Structure formats: C-alpha cells, structure tokens
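Reading through the structure tokens given below for one structure.
Order of writing sets the labels: A, B, C, D, E and F. Residues in every chain begin at 1.
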Amino acid sequence: MTGMNHIAILPILIPMAAAVFNLILGDQRSNRRIVGVNIAFGVLLVLVSGLLLTVLAQADTAAAAVYPLGNWPVPFGIVLVADRLAAMMVLTTSILALAALVYASARWHSRGTNFFPLFHALVMGLNGAFLTGDLFNLFVFFELLLAASYGLALHGGGRNRVRAAMHYIVINLVASFLFLIGVALIYSTTGTLNMADIARAVPHIAGDDLGLFEAGVAVLGVAFLIKAGSWPLHFWLPNTYSSAAPPVAALFAVMTKVGFYAILRLWTLVFANQTGPELAFGQNVLFVLGVATIAYGSVGALSSKALDRLASYLILVSAGTLLLAVAYNSPGVTTGALYYVVVATLAAGALFLLKDVIDQVLPAEAQILAVSLELYGDEEEVLDEDQEVSRTIPAAATLLSLCFAVAALVMAGLPPLSGFISKFAMLSAAFSAQASPSAATWWMTGAMIISGLFVLVAMVRNGINIFWTSMPDDGLLRLRALEIWPIIALLTLCVLLAVFAGPAMTYFSETAAFIHAPQSYVDVVLPQEVAS
Amino acid sequence: MRRLLPHPILACFLLVLWLVLQQSAGFGHILLGSIIAIAVSAAATAVIPDQVIVKRPYKLLVLFAVAGLDVIRSNLAVMSVLFHPRPKPTAGFIEMELTLTNSFALAILACILTATPGSAWLEYDRERSTVLIHVFDVVDEDAWVATVKRRYETLLLEIFE
Amino acid sequence: MSVAILEWSLLAAQVMLGLGMLATAYRMIAGPRAQDRILALDALYVVALLLLITLGIRNNSQVYFELAMLMGLLGFVGTVALAKFLMRGEVIE
Amino acid sequence: MIADLPLWLSILVSAFVVLGALLTMAGCFGLVRLKSFYLRIHGPTMGTSMGGGLILLASAIYFTVTRERLVVHELIIFLFVSLTTPVTLMLLARATLFRDRVEGQIDVPRRPEKLAPKD
Amino acid sequence: MPEDWPLPSIPTDFALPLLCILPFLASVFVLAAPGKKYRGAVWSTAIVSAVLSVLSLALFPAVADGGVIISRIEWIPQLGLNLTLRMDGLAWLFAVLITCIGFLVVLYARYYMSPKDPIARFYALLLAFMVAMLGLVLSGNIIQLAIFWELTSLVSFLLIGYWYHRGDARDGARMALIVTGMGGLALFVSMMVIGHIVGSYELNDVLASGSKIVESPLYPVALILLLLGAFTKSAQFPFQFWLPNAMTAPTPVSAYLHSATMVKAGVFVLTRFWPVMHDSQLWFWIVTYTGLATLIFGAYTALFQRDLKGLLAYSTISHLGLITTLLGMSTPLAAVAAIFHIANHATFKASLFMAVGIIDHEAGTRDVRKLSGLRKFMPFTATLAIIASAAMAGVPLLNGFLSKEMFFTETAEFDPNIFVNLSLPIGATLAGMLSVAYSIKFVHGVFFGPPPTELEKVPHEPPALMRRPIEILVLICLAVGIIPGITIAPYLAAAVPSVLGAATPYYSLSVWHGFNLPLIMSIIALVGGAVIYVPYYRRLRDVDGVPLTHGLVGQRLFERLLVTATNRWARHLVAAFGTQRLQPQIFTVIFLALAAGIGAGWSRIGNLPLPSNFDPVLGLVWVLGGVCAVAAAQQAKFHRLASMILMGGAGLATCLTFAWFSAPDLALTQLLAEIATTVLILLGLRWLPKRSPVPESTPWAARFRRYRDFGLAALVGLGTAIASYAVMTRAAPDGISDFFLANAYTQGGGTNVVNVMLVDFRGFDTMGEITVLGVVALTVFGLLRRFRPGSDSADRPEQQRMLDDYAPGASENVADDFLRIPALFMNWMFPIVIVVAVYMFLRGHDLPGGGFIAGIIMSLAFILQYMAGGTRWVEERLRILPVLWIGWGLLLALLTGLGAMVLGAPFLTSAFAYAELPLIGKVPMATALMFDLGVFALVVGATVLMLIALAHQSIRRPKAAGSNKPKQRAGLDKWN
Amino acid sequence: MELTLAIAIGILSASGVYLLLRPRTFQVIIGLSLVSYAVNLFILSMGRLRMDAAPVLSGANANIADYADPVPQALVLTAIVIGFAMTALFLVVMLAARGLSGSDHVDGKGD
C-alpha cells in the first residue's frame, strides 16, 4: 500500500481524530486554541478531499481508489470505493463542513456541550457513507451521521428544537429499521453485502428469490427516500432544518444528498442489471415522487415567512430535482444532477448561515412585520419629494444583499449562475436524449421551470422584506469576519463553478459515465476471479 | 499489605471465582487471576469500606450444610402444598427478635431465609432488633422461631461475633 | 438407550420449564399489582436460565453457560430497579 | 448432539433434570395458583434453590463426564442466583408491605413507632 | 455614406467583448470605488457610455453589407453553451440604441437625480443594465440570449426598486421581475426546444435552419413559449400591467428601460426569430391580434391616465403593440416597418419621458390635473415635448409618421380573410385616433390653458444641459421625419437584410406616397383624435380610472394571485399535503414501506412450503414472547410499568431464540442491552406525567384510528412473517459467509467467528458503531444538562410523598433501612461483576463475549452501586469520568487501525501472535484485542454516561422542604 | 421452527408498529423496542436457522458446514448496539420534550 492509496480513508479518519481530540481535551469552550485546532482539522480535511478528487480527476475514466479495510479480500471485508462520485460528494461535504465549522466557532459552538465532537462525527458519517462500498457499512455510517445529526439538531436546546428533533429521530429510527430489513433481504438472496458483489450477484438470483430481493430493494428504497427528503416522506425535514442551529442546518444541507447518493449508487448498480417492468415501474415511482417533491417544496417555499423555513423547503425542491434526475436514468441528466447537487448544497448551506447573520442584524420581529405589511398593505402612500431620494445602503448590507442575491439565483436556478447551468445541463440532456422529447422530459422541464419561478417569487419576497423594508440603514451593522467569510466563500464557489462550468462539467460527465456503466464499477472493485 | 490487599477474603474469593470461570488452575490463570483479584478487591474498597472478619470459617460449612438440608426439605414441603388440588397454606407473618447485629451476618441470614422456599425476609428493624418474616406454612409460630434461632442465629453468632 | 432417556427427559424438562414460563407470563399479564408482575419477571429470568442449562446439555455444548451465568448474575439488576421504582418512585436517588 | 453416557449416569442426569424442572414449574404454578402476593413470593424460590440446583448439578455431572474433567462452574450460577434472588424478593416484599400499610390493608403487620399515622 | 465612414475601423473580434466587458468593469468600479464621489460616478459612467456609443457606431461598416461579426469564448462546450457575441445589422441597430440613448440618459440623470441620492448604486445599475441589454442583443447563442434576457429582468428589478423605501416601488419592482422573469423562463424553455429542433444553440445555425423549426411538431410549443417571453417583456396584452407599475422607477430609468431598450427586448426576439418562425398561421393569428389588442388597449387606457408617466407607459404599450402587429403580419414589408418603428419609438418616447421628468422635477408633480399652462414657464421644454408628442401621434414630417404610414399601408393590404381584411385597418385607424387624442391630452393638459394653481413651487426651465439629451433626440425625430433617405436609410438598410435576408423587399422611406388609403387613415386618425379630445377634454382630465376596461386590470388579478395564491393557498396546500403531526408521518412511512415491499415482492414471492419441523419448547417460548408483546402493546398507555415488564418478557424470549439458533453472542448482547434499557427507561419513567385512569368511552374517531393502525400493524406483521418464512425455508445462496468460517481462526486468530468479524473482518463497522454509541451518549449528556422537568413531576415522586402523607418523615426513614441489607449484597456484587466483565472481555475472541458485552457488564456494576447507595454516596467514593472513557476508547480503536497504516498496511489490518512467556505459556497478542479494549472503554463510558446523566436529574431538584442536604446542581460539569 | 420464528417476528413487529403509531411517547419507545426485537430476529432468520451450530470454531480444522452463518449475527450485534443507543436517545429526547412542553404527546400538545 502506497501512501497515496491511504487518501481514500483519510476523509473518514480525520474527522474521527478531530472528534477524539475534542473528547480527550475536554469541552474547553473558551479556549481559542481548541477552536483553532478544530478549524485546522477542517482545513486538513478539505485539502485531503481535494487531493483525492484531483488524483481521481487525472486518472483514466474507470478509476476508483479501492481500499480494503483490514486488508481482507474484497467481497468479504469492508471496502472503501473512492470513485469520482464519492470524491466529489466528500469534497462538497468537507467544504461545507469547513464553512459551517468556521461559522460556528464564532458563537454557536458554545451554545451547548460537545459541539465539535458531534460536528466531526457527522462529517465522519457523511464521508463514510459516501466512500463505503459495503451495504451494511453504509447502514453504520448512516446511523453515525444520523446520531450526530440528532445531537446537533438539539444543539442549543429549546422547545422547538426538541420537538422537531424528536419527530426527526422517530422517523429516522423507523427508516433505520427499514434499512436493516432491506439489507437483510438483500443479503438473504444474494449472500453478500458488498455493493459490487451484489450487482454481480443480481443476475444469478434464483427465480423464486427475486420477489424477496426486490422487496428488499424496495424497502431499502423507502428508507433512502426518507433520508433524501422525498414527498411524502419529507415531513420531518422543514421543522428539523429550520429549527436547527444555523451552522448545523448548513451542514444538514448535505444530508438529504446522502439519500440521493445512496439511491443513485444502488439504482445504477442494482437496477441497471434489471430490465422490463420492474425498472420502468421503479423509474415511474421515483419520477412521480420527484415531481411531487418539487411541487411540494416550491409551494412550501411560497408559504414560508422566514428565511430558514424557506431554505428548508428549497432543500426539498433540490431533493425532488435530484430524484427526477435519478429517475431519468441517463448519463447526460446525471451529469447535470451532479453539478446541481454540488451547487445546491453549497448555496443552501450559505443560505442557512446567511439567515443567521441577517437575524443578528435585523431588529426583532422585523421579518414578520414586513410580511404582514405586504399582506395587508399600505397602498395609499403619499409620495413626496423626500421619497424620491434613495437611502444609502451600508456596505455591510450591500454585502449581505449581494450574498443573498447569489444564493437566490443559484437556488432558483436563474441565469447566469450555477443553479441555472445545472438545470440547463439536465434539461438539455433530457431533450437530446430522444428525437422527440418524452412526456417525462416535459414533466421535468415543467417541474424545474415552474419551481424556479416559485422559488424566485419566494426569494424575492423574502429579499424585499429583509433588505428593502427591515434592514436598518444606520450604518451600525457589524459583521463578524468568522461569520461572513464562510458565506462569501461558499457563494464564491458557486460563482466559480459557473465561470469554470466547462472543466467542472468534464469531471461530472466522466463521473456520470462511470456511474452509468455499472460493470466498470464492479470490475474495479471485485477481483477478476470473483467477478467472472 | 493492608493497603495492597484490603480485602483478603474477597480477593481469595475472586481468585477462586476466576479459576472456576476459566475452568483451569494452570499457573498462567492463577497468576492472571491473582492480579485481577487483588486489583479488583482493592478497587472494591470504595464501595465495601469495612473488612469482613470471619472468626470461625469452618463453621460456615456447617451453616451451608444445614441450610442446604433445610432447602431440600422445604422445597418438598412447599411442592406438596402446591400440588394439592386446592392449596391452602396456613401462611402468616412472624416477627422475630434477633440478637444478631453484624450486618454481614444478618445479610447471610436474610439470604438463607429468603432463598428457602416457605420463608421470606421482609423487613429488619434496627432499633428494635426485630425482623418481620413471612412464612408459607406456619404450624407453630414459637417453634418456628426457636428452630431458626437454634439452627442459624447461634451459628452465625459464632462465626461473626 | 441412554441417549434416548436423556433426550426425552430433557424434552420433558424443557416443556415443563416452558410451561413454568407461561405461568410467569400469566402473572405478568394478570398482575394485579406491579409487584406481582416484577416477581413474575424475576422468576422468568430464573426459568430461562435453567432452560439454557438444559439446552446446553441437549446440545452437549457449553457456549450457553455464560449466558445463563449472566442471567443469574445480572438478571436481577432489572428487577431490582423495578422494585426500587415501585418503592421509591425513582431508581437512583 | 447429546452425548452417550453410561446408562446409570444418564438416568441420574435425567432424574435430576426432570425433578429440577418439576420443582421449578411447581414454583411457577404457585405464582398462578396462590392468592396473595406474600404467598406467591415463595414460589420462585423453588426454582432458585432446589429446582435450579438439581438442573445445575445435572449439568455439572454431564459435562464432567463428557469433557472428562471436573466441571463445576455451574456452582457459580447457583451462587449468583442464591445471592441475587433474595435482593429482589426483599425489595419487592418491602415495597408491597409499605404500600399495603399506606393503603390500609388490615392483614399486614404494622410498625407503630415508625409508621403510625400521626394526627 | 458607409463607404466613407469617418471613424477608423477597429479589430472587430476585440470590439464585441469590449462592448460587454467595459460597462461591466465600469459598473463594478462605480459601485466599489472608494468614496463613491457623486461626480466621479457620473463622469465615469458618462465617459464609458460615450465610448460605448462611439464603439458601436464605429462597428457599422462591419455590418453594413450584411456582414456579421462573431467572437466566441468557450464556456461549456459539452453542452453547446458558449459565450458567442454576434453582431449583424439588427443587433447593431439595437446596440446603437442601447449605447447612445444610454449615454443621453446618463447625462440627463446627472441633473435629474438628487445630489443626496446614493448615486453610485444608480449608475452602477445603469451600467449593469447596459451589459445585460448588450449581451442580449449581441447573443450569438440562444441560451446565452435567454441568460441575458433574465439578467435584464433582474437588473431592471433593482432599478425599479431604486427607491426601495417606497412601497409602490417595491411592489412595482417585484411585479416587473415576476412577470418578466416568468416570461424569461418560458423563453429559456423555448430556446431549449428550438435548440433541440435545430440541433445547435448557436444563433447562426438557428437562423440558417430555414423552415426546420416551423415544420417541426414541436413548433407550437417553441412558439408559444417564445411568445410568452416576448409578450411579457414587451408588455403585450394581457401581460401589460407590470409596465405602468414600473413607472415608480426614477424617470431616467423609465426613459431608458421602459421606452427605449428593455421593453424592446420582446420585439427584438420576435424580430430575431422572425425569419425562422413567422411562416405559420399560428404565428399570424397570435402575434397579430395580440399586438392589435395591445395597440388599442394601450392607446385607450393611455387616454385616461392622470399621471403623465402612466400615460407614456400605456402609450409605450400601445406602440409595442403596433410593432408586434407588424411582426405578426408576416410580410417582409411589415417587418421592415417594425424595425423602423422600433428605432423611431425609442427616440420620441425617450425624449418624452425625459420631458416628463423635467416637468416632474420642476413642477413637483406629474398629475395632469394639477398641471396647466406650463408653456409660459418652460417654453423650450414645451416646444421639445410638443414635437416629440407629435411624433408619437404620427404627425407628418416626424419620424413617427413614417413608420405609422408603413403600418397603415400594411394593414390596408388586401387579405382574403374578411375578418382580417376589416379588423386590421379599422383597428389601426382606431388606435391612431386614440393615440392622437392622448398626445393632445398630454400637450394640451400640460402646456396650455391657464397657469397652474395647485403647484407647490413655481416651475421654470431646467438647466440647459438637462435639456440637451431631449434636444438631440427631438432633432433626430425631425431629421428622420423630414429627410429619412439620408438619415435613417443606410442603417435600416443594414438592419433589415439581417432579418429578411434574401426576402428583403423594396421599400420606400419617402414622406409623400401620394393620396392613398394609408394617408386617408392617417387623416382620419388625426382629425378623429382631435374630435375625441376636444369635446371631452375636461372630463378626460378629471376622469378617475379607465371606463369599460376597469375590470380588465391584470394588475389586480396579479396581486390577488400573488397574495392569495402564494400565501393562503400555498399554506393550505402545504398543510393538506404535509403534516406537522408525527403519527400520520409514521403511518405514511410504514404504509409506503409496506406497499413498496408488497408491490415489489408479492407477485414473485414463490412457493411457501409447509412447515417441516416443530420444536415444542421454542413454541412455548414464543407463546410467552407473543403474549408478552401483545400485552405490552396493550398496556403501554395506562400501565407503563406493566408494559415495561412485559416488554422484558418479550426481550427474554428474543434472547432465548438467539441462543436457540446458535447465536450465543447475540443472546448475551440482547440480554445485557435489555437490562440496561430497562434501567434506563425506569430512570426516565419518573419524569413522565401521571397517566389518568382508563377512560370509560373512547371517541369514535380515536377508535377508528386504532382500528386503522391495528390493520396496518397486522399487515406489517404478516408481511415480515411471510418474508422471513420464505427466506428460512429456502436454500441460502453461495455467499461470503464461508470465508469467515474458514479464515477466522487461521487469519483472524480467534475461534469465535462472530467476534473475529466484529473486531477484525468487519472491524470498521464496529468502529462506526461505537462512535454512534459515543455520539449518542454525548447527545444525551448535552440534552440532560439543560433538562427541565415537567411541572407535575418536578416534585418528589408520588411514592415518597405518599409515605410522608401517611407519616411525616417516614419516607426518609424508610429509605434509610429499606435498602440496608439489599445494598450490602449489591455492594458485594461490584467486585464480582467486574471480575466477570474482565473474564467476558478476555475470552471474547475465542468464545462468546468481547468488548461490548464486557463494557455493559462493567457499567451495570456501576449502576448497581448507584442504585444501592445513591448518586452522592457513589460519587463521593468513585470518580468516574465517562466522557474520557469514551474519548480514550475511540482513540484506542483509532490507534489500533492507524498502527497498521504506519506499517504500510490498510487501516485496521490486524496482526496476531502468541507470545511465549516464561512460566505462563502462550499468550495471545492480537491487535484485535486492543481494538476490543477500545470498544470496551467506549461502551463503559457511553453506557455509564447515559445512565448516570439521567440519574443525576433526581438530585438536581430541591429535596423535600426541611431537608438539610444542600441543593446541588447535577454535578455533571465535573465530568468534563 | 421456521414457522414459529416467522410468527414470532410477525407478532413482535405488529405489536411494535401498532405502538409506533400511538400518540404517547412512552408507547413509542416500547414500540421501538419491540420493532427492534422483530428486526433483529428477522436479520437472524436471513442466515437460515441452525440449531446447535454456534459459530465458535473447535479449532483450525473445523468443518465450516457445522456452523451457522456468522454474517447475520455480526449484523444483528451491530444493530442491537445501535438500537440500544437509539432507545436511550429517544428516551431522553422524549423526557426533554415532555419537560419543555408539559405533555407526553408526541406532538407536544394535546393530552
């Protein structure tokens, strides 16, 4: 094993080491050095994840770092498979985590106990879920990320958080049961837990066992859909996300993407070997759920009075968009979806952080007041000369509004930023997939475009309320560097991804090509004598 | 020595326990068992501060033999009542005065009485030195008390006080 | 012959223990008071322990021994906690 | 699989096991048949004392023979059960006693100096 | 003229990017420039727009003879989306309008805007708008066109909302953005469809596609979406309503965006795609009649406006309708007229807006009722406004007349369809009349009549420089109107072929075409307009609202839709298709999972053989387990303790089953977890509210819910039972399990295969699992630090209060000797249990046991002491630091894994050896044991932390009154 | 035997699911426990039932056909531990919710 090969496991070990560090050195919240070390761990993680992605991006198309834990031969021991998909998800997570970590170290980490270990544990769980090539190990990492997310969702305490977290916990416990049942059925019919090995075994399943296998896959799918935030299994999401502490909610932005990731991975690996009515049925169900989720998320966004709730519904919109993309089952659409998953995650994370900064700046109840003004109106305004002089917007407010605008554009998928590019990439691929666009393409187009409009309306409403009616203009706005820089960094990344969409798209399309050629995954992971 | 081995009896007991668990009396097991027994018994001082002093250890064997016989007898007795078509035990509470005060001895007495079917130790009153016992099938209350005092209390007094 | 004797007597013993378990289940459900149920649960642990011992003989295997031992050693922790709750309304004061 | 013992041993083991199970079952039936809690408290001790003892003894004999070495670790189980059963029973009985007193059950002896209702 | 163009030609592939980048840089500069000096912002903007004007004018030679300049920057070549800048005649014409009028507007705004205004933002936005607009008209890629299209909407939103502290500005901005943004999204889809039809997003390819688009079955979709975009942007009926509301923008913005440039984007796109999309009936009917309706509606509504900007806004709508009608008529000559009118309208309307701005500025109002006789106060401005109005009305010798005549000519062309043949000329004439009438209203109402009385200040001429832009524009109106042949003709000649190509018809720009039908129509319009106005001018001035079409106000519809649909309906929908309540959520989840499982598996479940063997003992065990489970479910609401006890029965049955089916490790773990869980729940039970006794009757709805839930539960039970039965009765597939059995001893160094899997083969799972346990413990700890009991359980438990009620002080006394003897046993258990824990730990690798089992045993030893002695008693004697146990446990596991990496093996690679120690013999030295030790430490730490943190709650509350024990906070802090 | 276990799994999961759908937090926690028993047994059953075949090898030369499938057992072990942790967590969250809202209803309101 060369040093480079170990990169695949470092995204899991670094946060774990960070968590251990915090536990042993204690919850010394006032200690600036502790904060510094935590941020250093975050930076290290970003660097390592970036390195992993770079290595994979430069390798040939079928490359994936296969890391046999404990040095056991592959289908038997647990194996990590860092392919392009995993690497990009890990890097996204790491970047978002670093931003949230830096943001949290300004204030939020001291609102409860053990913030840092829980935070790192969540990152460890996320990265593990992305990297593992073993179905049961995926369950373990799901549990880890969920357990940490429970703790983080409760961080800061209070009635709303506790109630939301309780619902979140119960739903996810049920989901965990479903996960176990699904894994058990799959094991019972294929005799293996390694994903590649399952993919290899699927064609050899005895005829009578196929029903059991598919039941297992379906139950597992429901578990993933819960995590992915699909309607009507999404109920837990808006409350949990909007009541969580902002840096936590920001990191949660990537959590529904784990569900998407799992569905995409297993869909392409397991279902690709199937043909006929099951595939079509599964595809249709997923598609309908995707459309419904987008619709629900968009309407929810419209109904939102506060930015955090709006952001939570935007998470649903993006969840639905991703489900649609998976259901579409075409490399081109997947390419766009991969691009989308990155930018939607980063932007949603930024939005949750931004919301918190705005909350600090705005006078209390300002947002609610603004909304009721809008509803009940002050139409007969007297226009006098003074009103034809605009106000000077403080630089801080300009910065915030600029950040808001970027986040809004990305989330609504409006030109010219990355949200638009991703939607364009998906739709363009969908259109060019057939000579004449299918009904699915039209539904997808309609869902994405109309949701974009709804999101635009919602974002404009919120933006106006915040920046045009509530924002104090007395120049007293103070932004903490630790808080504003993470937001700027995340949004800058969104902008850069738009500017350098060409090279990025190359990576994503290679990733999608690899995902949609499951045999190549199987070949990379399994030694030849087992695969044949 | 006192510091190293605050509870010699406990340590010995733990060593025996270890060896029986291992089902072996090999040198390695004795060595490891001794280390564990000494360490654990030292740690146990935190919750067992007082040392137990057994003055006449051999009498303990007598005690266990007596108790064992009683257990067999009362098992059969209770079973005969239970398998009666309509079990009608003449049960009752008995309050009994004790001269025994050593809490370890009391605990052993409680253990024996309770473990024996047909009698159950309910509560001990320290101020009055009495114990409330529930007896499954009382024929003669005074005789019962006398038997217990004779068979157990005197033995325990000899062993511990 | 001796195997048959052992097998049948063990089966008989296990069935008897099983019936004993059902008896404790009756008391656990019927109550009427919490102490009756706790008492029954405690008895259930003992019967289960003995059932495991007979299973060990039946399978000629000692792997169940530690399980039985822990039932004997720690089974009472749960019932003690229940009993204490009954008496004091809280388990640890 | 069950091991082949000498006939007399297998009869001995069988007898111990069956008798132990019978005693234990009798104790459990006591839980069902006896009318009051204080009576029922005596049932389970049959299983923990002689019933259990016989079965454990059977096991010890059986494994001593089949393993061809002294197997006595069943003793530990007997010890543990004997040490722990009284704890539960005492606590339960006490709790019941107090409840009965507080609830005014007449057939329960009371301790005047400690628990007399004061006006 | 083009052949001796005075300006030097510049490298064209450099010029187009410059046109877009220069204003962008300027915009950033103006916004971010330190100090934001008023003059600096104005002059840098003015200079940049002047440079841009010159630059665009200078590009004329390159496009004059049908030339096309293209420069391309690769952006996302995979998706066919590149930044392609493409300038032909039409794009040139628009670029010139954008830059030149932009320059004039900048100059004008210099005087219009108050010195107190934060002007940098204004100019930065103007420049940004210029970028967007130039990018739009210069787009050589249709997706890029859609991008810049949306950008114009976005920037115009900010410009309309420049005075964002005003409610009407905010509303107007939002409405404009939503309506045009929606159109932009439609346009985007249309571009996608067109790109799909053509096979390329490059405009060159699209324009070269001939009849491909029109013949495609997707044509109607592409067309309707395109029109949706164009009509919303160009404020065509019924989307016209946003434009008047956008008049809340500062007047320079209105002059620029809402007359000259942005609203022209719609007709620009119609013109751009005219060659490849116009050739259909669908196009003709929709575009022509939407245009005509807008033309008439706009003119009619303009007549009743009190606000001068409103009047101009509706006039703009009307003129845009005129252009749309022309484009809809699909004849080449009509297209020429459309292009011509685009330019003409830009000049006269921009100048009129500026004039209104001056009036507003000087008179303090734009209300036509308050204004009167301003001719005497501002004669120059009045003259300029009157000329521009005449152009608007289509008076001869002004540019408006020329294009209007062309329009009349086209409408008067014979059409075989009688409806078309009549409706077009009549409609055109009617609209002409109305436009004359509102033009007169504007001129007469403002400049003639008695001096104004209701003004707050005395109006006077503005600074001469403020008038300069208007003068230039009016001059152009006159020049084009009088000598079109040498002013506009060459440019038109460049623009028209870029649209019509080979189909470019012969057209004449001469003023006099003889006395023909169009001229008669013009005369009717002029005279008719006067006839409409003169008798009713007072009523027209004072009228409030628009007669007849009052109900047709799209604005109100829009606002109701926005407020109702996006607030109330959205909330209703969210509530109807989602829920905040947990039970329906769980029901949905379980129902869907069941449906998914059954749906996927049922049809192919295969044979279910009859049972072949039966074990009566296991049967009895599960009579017990089943009865306990059902009873636990039934008792859980009102008899919690009973339910817990019964759950213990079911758990014990599960434990026995594990033992039965050869899983001793599972049975052990199940037993211990069960015990620990029981203690945990009991610790928590104290904090739950007292449950009132069973109610006598249950409401019908609750009963129904129970039956429904019971039904689902029964189905789930049936489903899992059938699935497991099916699996158990079938042969296992060849899987991975043999490997573990074969290699556990030889490779993993242990005979307990399950334990070797846990610490070695699948040690990574275990590492994750213990981290979960640690994380949960930390969460529990964190949560309990802030724990606040419910009001009814804050007091001492009922049992203790009951005793004290019975006899004061009894509770304390009883507690004292209640535990005396049992506690002795429990204390003595401590060392015994620890020895057993050590034993279970050490044997784990070879026999059932291991770190997790030992860990729970160890923590139960602690719990026993807590139960026996109480929290304070234990913590005076034992110092347990559970968080550290967790940390060290994890560290040990991590280090074990890392050790392998140091040696170059993958993480968690194990090594084992037997060390030969003197006297003792072979001692196993497996790294897996180290790992298991980590597991042990963590489990002890986590379990103890959870149990004790919960137990600590009891001593946090104040003890009974009169108790002399000091109040103490949980003492949890010292663990950290 | 198979039928016995299948029925056991069915009863446990049905009782548990019924409780999960109840409104009281305590009902839910008992339900979670029962469902987790059911799921654990379900996973065990996926390895097919073997009696007297505990996967504890008698030594290096053991015949692997004599032993039960260890994989489901390893999975169940992990599941039990995680289930234990989650039960504890839910318990404490339910207590906290009850403390903050004053009700033990899963939605924090009603009675």
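In the analysis below, contacts are C-beta pairs under 8 Å (C-beta built on N, C-alpha and C of every residue); 3 or more make two chains touch, one makes a residue touch a chain.
Everything numeric here is computed off the predicted structure, so don't read it as measured data.
Participant: Write down the chain pair with more C-beta contact pairs when B-D is set against A-E.
Facilitator: By number of C-beta pairs in contact, A-E is the larger.
Participant: Measuring from the mean C-alpha position of chain A to the mean C-alpha position of chain D, what distance in angstrom results?
Facilitator: Centre separation, chain A to chain D: 58 Å.
Participant: Averaging only over C-alpha atoms, locate the centres of chain C and chain E and give their separation in whole Å.
Facilitator: Whole-Å distance between the two chain centres: 60.
Participant: Using the average of all C-alpha atoms in each chain as its centre, how far is it in Å between chain D and chain F?
Facilitator: 30
Participant: What's the distance between the Cα centroids of chain B and chain F, rounded to whole Å?
Facilitator: Measuring from centre to centre gives 39 Å for this pair.
Participant: Two or more other chains in contact with one residue: find those residues in chain D.
Facilitator: Touching at least two other chains: 1, 22, 27, 29, 41, 43, 48, 51, 73, 76, 80, 83-87, 89-91, 94, 98, 114.
Participant: Pull out every residue in chain F that's touching 2 or more other chains.
Facilitator: Each of 20, 25, 42, 46-47, 51-52, 54, 56, 71, 78, 82, 85-86, 89, 93-94, 96, 100, 106-107 in chain F touches at least two other chains.
Participant: Mind pulling the chain C residues that touch 2 or more other chains?
Facilitator: Residue numbers touching two or more other chains: 14, 17, 19, 21, 24, 38, 40, 59-60, 63, 69, 73, 75, 80, 84, 86-87.
Participant: What are all the touching pairs of chains?
Facilitator: Inter-chain contacts occur between A-E, A-F, B-D, B-E, C-D, C-E, C-F, D-E, E-F.
Participant: With touch defined as at the start, can you tell me which chain C residues reach chain F in the complex?
Facilitator: 59-61, 63
Participant: Which residues, counting only chain E, touch chain C once they are in their complex?
Facilitator: Against chain C, the touching part of chain E is residues 616-617, 619-621, 623-624, 627-628, 631, 641-642, 644-646, 648-649, 652, 655-656, 659-660, 664, 667-668, 671-672, 674-675, 678-679, 682-683, 685-686, 796-800, 815, 818-819, 822, 826, 829, 832-833, 836, 840, 847-849, 857, 860, 863-864, 866-867, 870-871, 951, 954-955.
Participant: Sort out for me which residues of chain F touch chain E in the complex.
Facilitator: Those residues of chain F that touch chain E are 1-27, 29-31, 33-34, 37-38, 40-42, 44-60, 62, 64, 67-71, 73-74, 76-78, 80-89, 91-96, 98-100, 102-104, 106-107.
Participant: Can you name the residues of chain F that touch chain C in the complex?
Facilitator: Per the stated touch rule, the residues are 51-52, 54, 56.
Participant: What does chain A use to touch chain F in their complex?
Facilitator: Residues of chain A touching chain F: 136, 140, 143, 147, 150, 154, 157-159, 162-163, 165-167, 169-170, 173-174, 176-177, 180-181, 183-185, 187-188, 193.
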